[in-house]
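Everything on this sheet refers to the single structure shown next.
Think of it as A, B and C in the order they're written, each chain with its own count starting at 1.
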Amino acid sequence: MIWTELDTWIVLTGALTAMACAVPGVFLLLNKQSMLGDAISHAVLPGLAIGFLVSGSRDSFPMLLGAVLAGLFTAVVSGVIERRGRVETGASLGVVFCSLFALGLILIRIAADHVDLDPGCVLYGALELAVIDSAAVPRIVWQSTAILLLNLTLAAVFFKELQVAAFDPRFAKASGIPSGGIHHGLTVVTALTTVVAFESVGSILVIAMLIVPGASAMLLSRSVAGVLFWSLVVALASALAGHLLAISVAPEWLGWLTGRQDLGSLNSAGMMAASAGLIFFSLLAASHFARSISGRGRASVL
Amino acid sequence: MSTLPLEIRSLNVAYHRKMVLWDADLSIRPGRSTAIVGPNGAGKSTLLKASLGLIPAASGEVLFYGEPLKKVRSRVAYVPQRESVDWDFPVSARDVVAMGLYKKIGWCLPVRARHRRMADEALADVGLADFAGRQISQLSGGQQQRVFLARALAQKADLHLMDEPFASVDAATEQAILTLIERLKLEGGTVVCVHHDLDTVAEYFDDVILLNMRVVAKGPASEVLTPENLRKTYGARLTLLDEAVVDLSRPGAPRES
Amino acid sequence: MESFWRVLLLQDHNTRVVLAGACLFGAAAGLAGTFLLLRKRSLLGDTLGHATLPGITLAFLLAETFGFSSRSFLWLASGAALSGVAGMGAVLLIRKTSHLKDDAALAIVLSVFFGAGIAMLSAIQQLPGGQAAGLERLIYGNPASMTSSDAWFVLVASLLVAGVCGFLFKEFTLLCFDESYAQTAGWPVRLLDVLLMGLVVLVTIVGLQTVGILLVVALLVIPPAAARFWSDDLRVMALFAAGVGALSSMVGVVVSALLPGLPTGALIVLSAALFFGVSLLLGQKRGIIIRHLLERKAARRLVREHVLRAIFECAEEGRSVVSLEQVLAKRPWKKNEVVSEIAQLTDDGLLTTDPSALSFQFNGRGDSEARRLVRNHRLWEIYLLNHADVAPARVDRDADLIEHVLDQRLVDELEDLLDEKARERLVPGNPEKNLP
């Protein structure tokens, strides 16, 4: 294994993005909206495509705006379908994001003559390419730092509102905290994070990092602040472990498993998601084990 | 060899390792109606669900007519709480009642006209003959409860286990359920209800089981509903109940509304 | 134009195969999806779809080792099925061993499995010879690549799904509606659940080729959700969902044959979305428009009733000609609402209004209609007062006559009570008694 400066940047970008996702993710998890991350990351595709079509360039404000609007559209329209059409939550979300994703695929194909946008790129990202930058610090590192700081600040400022809106939205509303507004705000932040992250790490890492670190942290801590802290740690650890696995161990395992010698290194974003899963399932096993020997209620691993 | 409809011996149930039912020991007498009464969270529904195997028991033995449930399923009918299902489900009242006949119809075979007639008869028995074709969300809460009763009725079982059938129903439904219980008893059946209303328990049921995680007392209503027993079941909150208790301990005493 | 007819008349063998395969898949997905929707597990299809990727890539990499063609759909499908089942197992494991909610379990398995799949896919993409193209079609779906043998697989699988759904229709209904009752009645709930999920896995595998991993959930969710707007009967709903599934697949395939270059899977999903949109608005049972109209109608009816009663009460006070002010003073209501209702009543021939529209009087029909309303209203009032115990469940304000709901003896009793209570107020008689 050869570790270069590029590897450092890859891990750094992955970790920053993962942590940026983990923050809103914890609240999505508490709101029982885990699948919203998946939905939004599919649904922003037409927003991105329209943004591209309008502006014709890859990094511009219209693209960001289009994607955020598409994310918000998903949340609002699926809410309307759920209430007015009396369709179950999951299904109404599914209807909206599937339709939008299909629309996005078609728009991208139509726009293919004008701009170079590969739907595959949206999914898997191109972490390995994105960090190749002439600047001393790649632009993408700045971007992910900015979104992480934004998310942390928002979480700190609105901590108690987010907490109460997640725990008891009706009480929140009755006591004057606009829980609807808070939910929409969370949706916007999720969409924004998704869009900023998609280019570097792809939406798959976003979906994973929105939920898996938070879920792992819930096995470790019972307070919201504790869950937030541990989710950042898990996000960081999965980024590091993911890249290490992608360039060294995993290709060998895969080669051994399938009897091939011709495999190169793997996609880092994908492996980061997979290692988050490894961490989660190890913690799950540990907490289950700890519970069964302690014989008490919800014993935590620590 | 016991022929009691239901016999429970030292049943223990835990949720997430918290014990909610301790060493429940009880037997239900045939041809009578029994109420399981106790404060919220006393494990009333849990007792019913655990004896039916819907939630795992930590230990204990449950016998229906002297046998494990598996062997006598057709003799036992369960009426779940109304809130336990989605009433928006796209089926009619008749369809729901016909579900009580599914086991009789058997695997893979369709519901035939004969079965629909049987379902309609059961619906007529609970006073819903005119509502057979209605989608279930278009029924009132009490009517929905009666649909559940009709389903159990269609099953033609000997033992009926009902989970809070009287919870938030209108007086007409309450009356219909009472008539039904009396009829089931006349036909030799046995009825067990989880009940929440101390005011009506002595009037509605022959036997009472007072439950608060443990079985506090069991037996004929008039013997069980003593101030002493109720204090043991409901604890200090009884000051409010004192008056009702004095009324209740006298069988046949008029109920004040 | 010529190509249009070629597509429409199914002159190409290939078009016929693709169309048949896609329609069969759509119908099977609609059927299985109906039960999935009613079991409130729609998004499980999404997780399942994504969870097939690691299995597919692994099967692809293993193909050479075991001497299979890496493009054999059946070989890749077996890999997909295995990892789909593993994904489902992981969801169940999380649900069982932790206190995390269902949606969290779904999201975790979806992203982790898909991430692992993407990582392995990247290894394939680096292999020489551009072999990965064969896998791309499973991610985005490309029914045009369907061969005859693939279509046979689709046919067999779809028939299997339809057959199991048909034979176990009542068992699945019971499972979805009331699981705990099913269990106490002695149905093997666990087995039925596994069977249903097995069908979903099968549909997912079949769908890989048609709409792809990412969108396979769409055909499990959208057609049943659309069908629910049209029927309150599960049998009708299931058939409708199968129909919508097949039809949207057909539309998608035909459109993509006419406009080559557009992704077929996405077109299929978009046409399903179109059906959903139409159903959401126009659905006969729960569509937004029909429900809005019913609500409006009820509101209109209430206003009409109130206006008629107000005029009647004014008339009871001894005036035969009633002025608008008198009516307005009767209750707190919006003036223009009253004015437009009076105009409507005049048009309907119930009122005679003077040209200024400020005063009006009943004519014969209006009088008997108002009598009917007032009588019903007052009798229901008395009924509520005297039979408070049973009344709330039985009062039906929409019934034309109280006699249609309560029996005649009870109505007579109520009328006597009303007579005693309000002897000074006139009780209008039953208008039907005066009719020939």
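A few remarks follow.
The rule is short, and it goes like this: contacts are C-beta pairs under 8 Å (C-beta built on N, C-alpha and C of every residue); 3 or more make two chains touch, one makes a residue touch a chain.
The shown structure was predicted, so the numbers you read here are calculated from the model rather than taken from an experiment.
Chain centres here are C-alpha means, and the one lying farthest from subunit A is B. Of all the chains shown, the one with its CA centroid nearest the global CA centroid is C.
Look at where the CA atoms of subunit A average out and do the same for subunit C: the two points lie 31 Å apart. For this pair, subunit A with subunit B, the centres built from the Cα atoms lie 48 Å apart.
Each of the following residues of subunit A touches two or more other chains: 86, 298.
Residue positions of subunit C touching 2 or more other chains, listed in rising order: 40, 228. By the touch criterion stated above, subunit C contacts subunit B in their complex at residues 38, 40, 167-171, 173-174, 176-178, 180-181, 183-187, 228, 231-234, 237, 389-390, 392-394.
For subunit C in complex with subunit A, the touching residues are 37, 40-43, 45-46, 58, 61-62, 64-65, 90, 93-94, 97-101, 103-104, 106-108, 110-123, 126-128, 136, 140, 214-215, 217-218, 221-222, 224-225, 228-229, 261-263, 265-270, 272-273, 276, 280, 286, 288.
Residues 49, 52-54, 70, 73-74, 76, 78, 80, 84-86, 89-92, 95-96, 99-100, 102-103, 105, 107-108, 110-111, 135, 140, 142-143, 151, 155, 170-173, 175 of subunit B are the ones that touch subunit C when the two sit in their complex. Interface of subunit A with subunit C (complex): residues 29, 32-35, 37-38, 42, 81, 84-88, 90-95, 98-99, 101-103, 105-106, 109-110, 119-120, 123-124, 202, 204-205, 207-208, 210-212, 215, 218-219, 246, 250-251, 254, 257-260, 262-267, 269-274, 276-277, 280-281, 284, 287-288, 298.
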